[in-house]
Amino acid sequence: MLPPSVCRVRDYRPLAEARLDPPVRSYLQEGDDGDNVRALEAARLIPRPLCSVGGGHTRIELFGQRLGHPILLAPIAYQMLFHPGGEKATALASAAQSGQMVISSLASQSLPAIAHAATSEGGPRPWFQLYWQENRQRTLGLLRRAEANCSVIVFTVDAPIKRATLHLPDGIRAVNLEPGRASSTARSASGTVFDGWMAQAPTWDDLCWLREQSDRPLLVKGLLHADDAARALAIGCDGIVVSNHGQRILSRSPAALHALPAIVQRVAGRVPVLFDSGIRSGEDVFIALAHGATAVLLGRPYVWGLAASGALGVAHVLRLLRDELEMTMALAGCASLADIDRRQLVS
Amino acid sequence: MLPPSVCRVRDYRPLAEARLDPPVRSYLQEGDDGDNVRALEAARLIPRPLCSVGGGHTRIELFGQRLGHPILLAPIAYQMLFHPGGEKATALASAAQSGQMVISSLASQSLPAIAHAATSEGGPRPWFQLYWQENRQRTLGLLRRAEANCSVIVFTVDAPIKRATLHLPDGIRAVNLEPGRASSTARSASGTVFDGWMAQAPTWDDLCWLREQSDRPLLVKGLLHADDAARALAIGCDGIVVSNHGQRILSRSPAALHALPAIVQRVAGRVPVLFDSGIRSGEDVFIALAHGATAVLLGRPYVWGLAASGALGVAHVLRLLRDELEMTMALAGCASLADIDRRQLVS
Amino acid sequence: MLPPSVCRVRDYRPLAEARLDPPVRSYLQEGDDGDNVRALEAARLIPRPLCSVGGGHTRIELFGQRLGHPILLAPIAYQMLFHPGGEKATALASAAQSGQMVISSLASQSLPAIAHAATSEGGPRPWFQLYWQENRQRTLGLLRRAEANCSVIVFTVDAPIKRATLHLPDGIRAVNLEPGRASSTARSASGTVFDGWMAQAPTWDDLCWLREQSDRPLLVKGLLHADDAARALAIGCDGIVVSNHGQRILSRSPAALHALPAIVQRVAGRVPVLFDSGIRSGEDVFIALAHGATAVLLGRPYVWGLAASGALGVAHVLRLLRDELEMTMALAGCASLADIDRRQLVS
Amino acid sequence: MLPPSVCRVRDYRPLAEARLDPPVRSYLQEGDDGDNVRALEAARLIPRPLCSVGGGHTRIELFGQRLGHPILLAPIAYQMLFHPGGEKATALASAAQSGQMVISSLASQSLPAIAHAATSEGGPRPWFQLYWQENRQRTLGLLRRAEANCSVIVFTVDAPIKRATLHLPDGIRAVNLEPGRASSTARSASGTVFDGWMAQAPTWDDLCWLREQSDRPLLVKGLLHADDAARALAIGCDGIVVSNHGQRILSRSPAALHALPAIVQRVAGRVPVLFDSGIRSGEDVFIALAHGATAVLLGRPYVWGLAASGALGVAHVLRLLRDELEMTMALAGCASLADIDRRQLVS
């Protein structure tokens, strides 16, 4: 049942927090995204009344998939921590809302099960977020399992170092990884950085290698420098996800929105540029697109919905954002996503 | 009886809020105008002492009407929610203070009654704010009723979408609209935006049509882009009201004051440019005029006066603003509204 | 007896407020000077260690008077409201600290008595702040009384309008004004501005006339525009006091510090430019001088000292500011006031 | 024993404050460094994933000493106030972490004892911070005692004036100074500045003289102006420490980070430029180095560790900062300190 009194996505946050154990709540809110949220909130849009926007819509085609809107669900680890429905609930909600999800390498349910939930309604296969698995052999194994169930590979490169901030409860683990070894993203901070974590972190050479291993669309997630975006394209990647990982990795990184325009300019339309970090409303989605993003990834807010109401909550969060995006488009005089550009921004 | 201890208009706010039921209070404060108020408060004026301002005044002629000051009362819906005197109290106070009011399409009292209250003291007929009524036929009906009682038409174009945030109590309704159908501005948010609300929203074509239907002065309210102001003038409109609707419609819209100079520059004196949104004091009126506005519309503050003390409160609010405007003019060395310009602003 | 635990001037504020009746306290703090204080606090100074500043001092000669430091006491009305010692206590303290005070037109003690307190220790005669007295005849009368007791005339031009915010208690009144008529600065806000207050406010013509009536040094206090400073000099005035009257008159006026450099540049050293508004510490004095001021007027802070401890408190406030000014000069490598300029400011 | 729950250096602050007497706590926090901390926090770094940083390290050679990292411990007076282990505990921790400390002129333990603690593990001799001792003779005496035990001389020039804010408890005193005279840095504020403190403050001539007295590396600490840095180099100094003394001396001094680039540019690599003031994390160390610093001095944070847990706390603070510095370097794609420059900063 949907909670009454939810008008905006942020209304789900207290509902979610009331249901989560304190360590899970801390894990979810860690790194709190403040710069990203503030950068989006500071942007201003000029309304353009009296435009004819009849027949307008938010549809988009991405990597051959037709989606109802440009709001993808970002890879979030261990979703059974937030609701027993876990990743399957998220997949179901996303498909029901004509959207798409990106399954985390650290998903708590099996890839076939999640993919089945996503496609049972006729939607496309979900995307998969790939973390480097210490070496090429192990990474290749995970890639092959992903290819068997997913359509697009999103290679996350910005999190070579991650403190293990949560002790996982019994029964919740990264079931799609090879057992018996910790993921490189869950090591503790003891020991040296350069010869510990970084020795197992992927490099540009590894990205070249990875590109050769798969003919699936391959996106690189976690770039903030235009030079890096250009290099990824030269290697043959099919898209860029501009993200600062919700500020969880490098606390002093710039707001993702501030890094977006330079990357969009360098990419110059050759591949889609997705935006991740700080989206809280449909107005935010519009603003990211006006800065040049092709689509966005939504993170914490859908987990609020998941924690509060399972699949129904995730679907409701998506519905709210879609409605807000449509209203913002209508007020700004944009009948389709292609109409959204910098001219709607107050410079 | 006037409340003691009111020195500034803002002193009426707590008095008003103490008298209003919580839902009405929320409705009044919704969207809270923060950016507009802050933009006005941030402006700085250079005092010019020792100027000769004897015989100074705040008089202005607008569309053939001689007014004592440039502070019009903005269209606010359902004023019987705030005081049993309703729109008639507002009209009476405005006329007593040599001012002018703009009656809302959603007025809770009949146009003839309000117009009679306004003119019984010898003042000019009030202005009328026109909301689009879903189609041309219904809109024309409302226009004709307005023309029978009002002098100037202010067509509000920035609110095609509006959540119904208030359940109206028995006996309060938009008595001047055709019964049996909801106004397009009071529909709920369910359903799609583009094929729902926006299908009934007016377009530039509708504005052309409207212009042809009436020989009354026709203003367009709710423009923030200079291109739109130019287009309205090309269509033959007689004035522009720069407004972001008190930020109630698009929360990320720019402060109205920031949009004003570009529109003033484009209009280049061909028609009056009125300013709406965030006025709280006579200093604010001066600042809007220094940025190029011909006159201003006052919104929430007069409703505070209405709720606290009826017609007397509205008149007192206007008196306070007039005095503050005169003092600001005197301190800035301006003997008439025509003397106010950007030179008084700290650049 | 000096209060213990006072290390900075601001420590006197709570001590003063604890001793004042609420209406007097409100009157003192009215208009609260926030912009002025923040502008001074935002300035940054580059320390210049290792300079030879032996024999350094803060002495200054102003209009033939040798003062120990550039911190004058601003004209504050009705000082018996704050302490029974009144203006005489202030005069005594100022003289004891080798300083100078400016007596208000609205002083609560007689000019001869205050002047006697100031000169009994061998100091120069105090200065007098002149408010326009509705017309030339009455103003001339006050000027002549001032000339009999004071050395320099400071004509305040920025306060033609002033709400009477305080009901004076029995026995406290402006004893140096002609009885039976209210000062133009104490009229109520009822009635119109232009034909009421402003009809009795001085104009540039009146300043020309005033200049001809007296051969005493004549300063104009309350200018913020460089054009006005130039005009005052053309009329023959001997100095300018840049001031926004502690923001009591026009709440949207710029911070006095922000207006200072343009005036200093225009005056170009022909006459002294004094700075008033927001001084709270010796660092502030240094900053005003680095922006081009010749000397400063101190307002509220000395009244805190007066209210807390009478003449001793005023003297202590001056001593604290002198010490802070000396320390700031020493750290900035300045051995005399003439060494202070913009090079010490972080641009 | 190390306190649980310390993940960041700042977590030590409440632990330290809980153990210190109020006057010692105030003394430690005095001047609170806000501008310095905010300047560092406002800087933004662009992550550069996928770089090969294998074999990376933080090693540095300074004045012939090989250190494991660029984080030196700043001179802090009277360390027995914070922990009975005093300066010896600090020296031990610094040596154990392959670092270096700068012993204060006001150390509470003898130079030979501190130096022995530092070198007992095979580390280099500590550095010594020299305060001017009123005249050349007394200063020379202290210099010679320092040379007997220390390797590098850091001459602090920015604190000629210092209020005695703390009454030292029995048994704690500056044991390395000549007895019977107060240090010039501990005099009270009474008396005049120019003929009191400043008469005993060092000048550029004294710095020339000092340079001639010693063949040890001589750094000047407390410069913020590029002209002063150039002059120190012309005199033959071997390094500059950019510092505003944690804002304890001149409250309006600029943030040290803002002064750093101009000095780095003027010094142009001829000598090391060290940075002091506001460092709270390894990210801050990286940011200072990206602005051109060769190394940094850490102040209050290691005293928090000392107060909370003695030598072990200091070592832990250093370990945390080293780890954070390594992680920041790895995320920014820098394998050695030489790779850190402005290109990692968001301009």
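A, B, C and D are the chain letters, set down in written order, and residue numbers restart from 1 in every chain.
The criterion applied here is as follows: a contact is a pair of C-beta atoms (placed from the backbone, for glycine too) under 8 Å apart; a residue touches a chain by one contact, two chains touch by 3 or more.
Just so you know, these numbers come straight off a predicted model, no measurement behind them.
Could you tell me which chains make contact with subunit C and subunit D both?
Output, common partners of subunit C and subunit D: nil, no chain qualifies.
Taking shared residue numbers divided by all residue numbers at the interface, is the value for subunit B and subunit C over half (same) or under half (different)?
Mostly different residues: under half of the interface numbers shared.
Note the rotational component of the Cα superposition from subunit A to subunit D, reported as an angle of 0 to 180 degrees in steps of 5.
Value: 90 degrees, nearest 5.
Distance from the CA centroid of subunit A to that of subunit B, rounded to the nearest Å?
From the centre of subunit A to the centre of subunit B is 43 Å.
What is the distance, in whole Å, between the centres of subunit A and subunit C, each centre taken as the mean of its C-alpha atoms?
The answer is 61 Å.
Subunit B: which residues touch two or more other chains?
Residues of subunit B touching two or more partner chains: there are none.
Every pair of chains that touch: which are they?
Touching chain pairs, listed by label, come out as A-B, A-D, B-C, C-D.
Quick one: which bits of subunit A touch subunit B in the complex? Just the residue numbers, please.
For subunit A paired with subunit B, touching residues are 41, 43-57, 283, 287, 323, 326-332, 335, 346.
Going by the contact rule at the top, pick out the subunit B residues touching subunit A in the complex.
Against subunit A, the touching part of subunit B is residues 157-158, 160-161, 189, 192-195, 197-199, 201-207, 222-225, 228, 244, 249-254, 258-259.
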